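Okay, so chain A shows up in both of these, paired with chain B first and chain C after.
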Partner chain A sequence: MKKVTAISKIKENSTAMSVLMAVLGLLCLGACAMGLGDSLYHSTFTEKKEEMASLLGTGLIFAACAFIAAYLFIRISRTGTPFSDTSVKCLKNIAFLLFIGSFLPNILLSLFSGKYETINDSFIEISMLVPSVIVFCAAEAFNYGVILQQESDETV
Partner chain B sequence: MSIILRLDRVMADRKMSLNELSERVGVSNVNLSKLKTGKVSAIRFSTLDAICSVLDCQPGDILEYIRDNEPQP
Partner chain C sequence: MKDQTIRNINDLGKVSRIIIIFFKIFAIVGIVCSLTGGIIAAVIPGDSIQMRGSAEADVIVDLDKLPGKVFSVDEGSDSINLFGTDLSISFKENEKTDEGTVYKMNASAGKMKYSHLKPLIVLGLFGMAVFCTLVLIALIFGQKLAKALSVCDSPFEEKVIKAMMNFGKSLIPMAVFFVLLYGLSGVGTALAVLVVILFIQIFKYGAKLQQESDETL
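Presenting the complex of A and B:
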């Protein structure tokens, strides 16, 4: 595949992905707001504190990750290359948010109930920790891509 | 860096402007300007081949090696 074709494909796909991520982020925020609003309206917050902690904890984290991903894809669609320092920073931010999200629901639940409680008998959610590690490793791989991109840009 | 580019000298000898060279070689003005000022770290053989063909010169006319402890002319 020629470089020009590849770059135009990257730009097209990144534009579509940025829109998708932005919509996903808004949906996550909407779900959090609706869940919280519903429980406050029906005064069921105390009975549903586990669901609220899980909804707010993971929902807000996913929304933040989706917005960062949308920003990342917008940058890629403008420059035509995914290998930049901004991309590495965005991926590391997403990895950090996912890491926070692995124990945030349990912290929220403990705050809501006023004592130490966990949702699934473990303080750390592996389902959030593993993606965090994977995204962090991908960020390190992108670091190498940044070096190669610089070398390519400096070659006439 | 120890490799010096003498592209500006050869262009002056051939009385060729940057725009004309850029058009004939098929490299953008920006990249050719970076080449002229030595702000590139590598050059492809295909680019060197095109430049030598257009300017009717040898690679040694464009590229000069100077040892680090020697003063530059």
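Presenting the complex of A and C:
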């Protein structure tokens, strides 16, 4: 595959992916707002502390990650260069947010109930921690890609 | 800077390998447990467990506060055949109070045998075994990718891209399973697969840059 073909493919797919990520982010925000609104309207917030902590902690983190990813893909689709400092920064931010998301619901639950409590009897949610490590790996690979891209640009 | 970045990638690959080993153990335990459970559930005689029961509830309706044209209460009884058992529900007016009209709702289930629920339980347990197997397959390919990253000189080597492609492909059956099982809520997994596929394309572009860099040197 030629370099130009690879760039045009990346551009096309990034545009589609940015739309999907933006929609996902909006859905996550909508779910959080609806859940919170419903709980406050029916005055069941104190009864549903666990659900609320999970919804706010995980939902907001997912929404933030989806919006950052949408921004990243928009930039890639505009510039056609996936390896840039912005991409690395975005990926590191997503990895950091996922890491925070692995324990944020438990912190929120402890704040809501006024004592130390955890969801699923574990302080760190492994299913959020693993994607965080994977995204951090990808960020490091992108960091190396930035060096190669700079070398390529300088050669041209 | 370049060497440091490669070292970081190698270290992250090693860490990922260790994490994946733990998850593989969990997946294997999951397969063994669900298969054993499924076999036991299939072997248990259908009439060994039986259940019957009833429930009662008061429904208080203040018809003055409700729009009469839209809302009306129908009294009566009905029976449903659920999992081979007769489930009957009745709804009758009981008394009138200050709060509104009190309706008595009675529900009773006839003799429910284990054999009625057996196919559902066996299917659920074997389904769980299939899911754990799909996860294990994805983990095996994930471990290969982590291994390739832990020893690579560049993340854009052919070996790494091949391992990444295989990992992406191994996620497809899992995404299909999630979408079939959870419907719209499984779309998140499908989206993760799409992101991996896009990353493969980006890594292919990285391989081109790597080739250019090697040729320049």
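Methods note: the second predicted complex is superposed on the first by the 156 of 156 C-alpha atoms of A that agree within 3 Å, B and C clash if a C-alpha of one lies under 4 Å from a C-alpha of the other, contacts with A are read in each partner's own complex, and residues count from 1 in each chain.
Just so it is clear, contacts are C-beta pairs under 8 Å (C-beta built on N, C-alpha and C of every residue); 3 or more make two chains touch, one makes a residue touch a chain.
The model shown is predicted, which means the values in this text are computed figures rather than measured ones.
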Touched chain A residues, chain B compared with chain C: C
Go through the superposed model and pick first if A:155 touches only chain B, second if only chain C, both, or neither. both
So in the superposed three-chain picture, is A:144 touching just chain B, just chain C, both, or none of them (first/second/both/neither)? second
State which residues of chain A lie in both footprints, the one left by chain B and the one left by chain C. 151, 155
In their shared complex, at which residues does chain B touch chain A? 27, 31-32, 34-35, 40-44, 47
As the complex stands, chain C meets chain A at residues 1-2, 5-6, 8-9, 12-13, 15-16, 19, 23, 149, 154-156, 188, 191, 194-195, 198-199, 201-206, 208-210, 212-213, 216
Residue ranges of chain A touching chain C (in the complex, touch as defined): 1, 3, 6-7, 9-10, 13-14, 17, 20-21, 24, 69, 76, 82-83, 130, 133-134, 136-138, 140-141, 143-145, 147-149, 151-152, 155
Listed in rising order, the residues of chain A that touch chain B in the complex are 151, 154-156
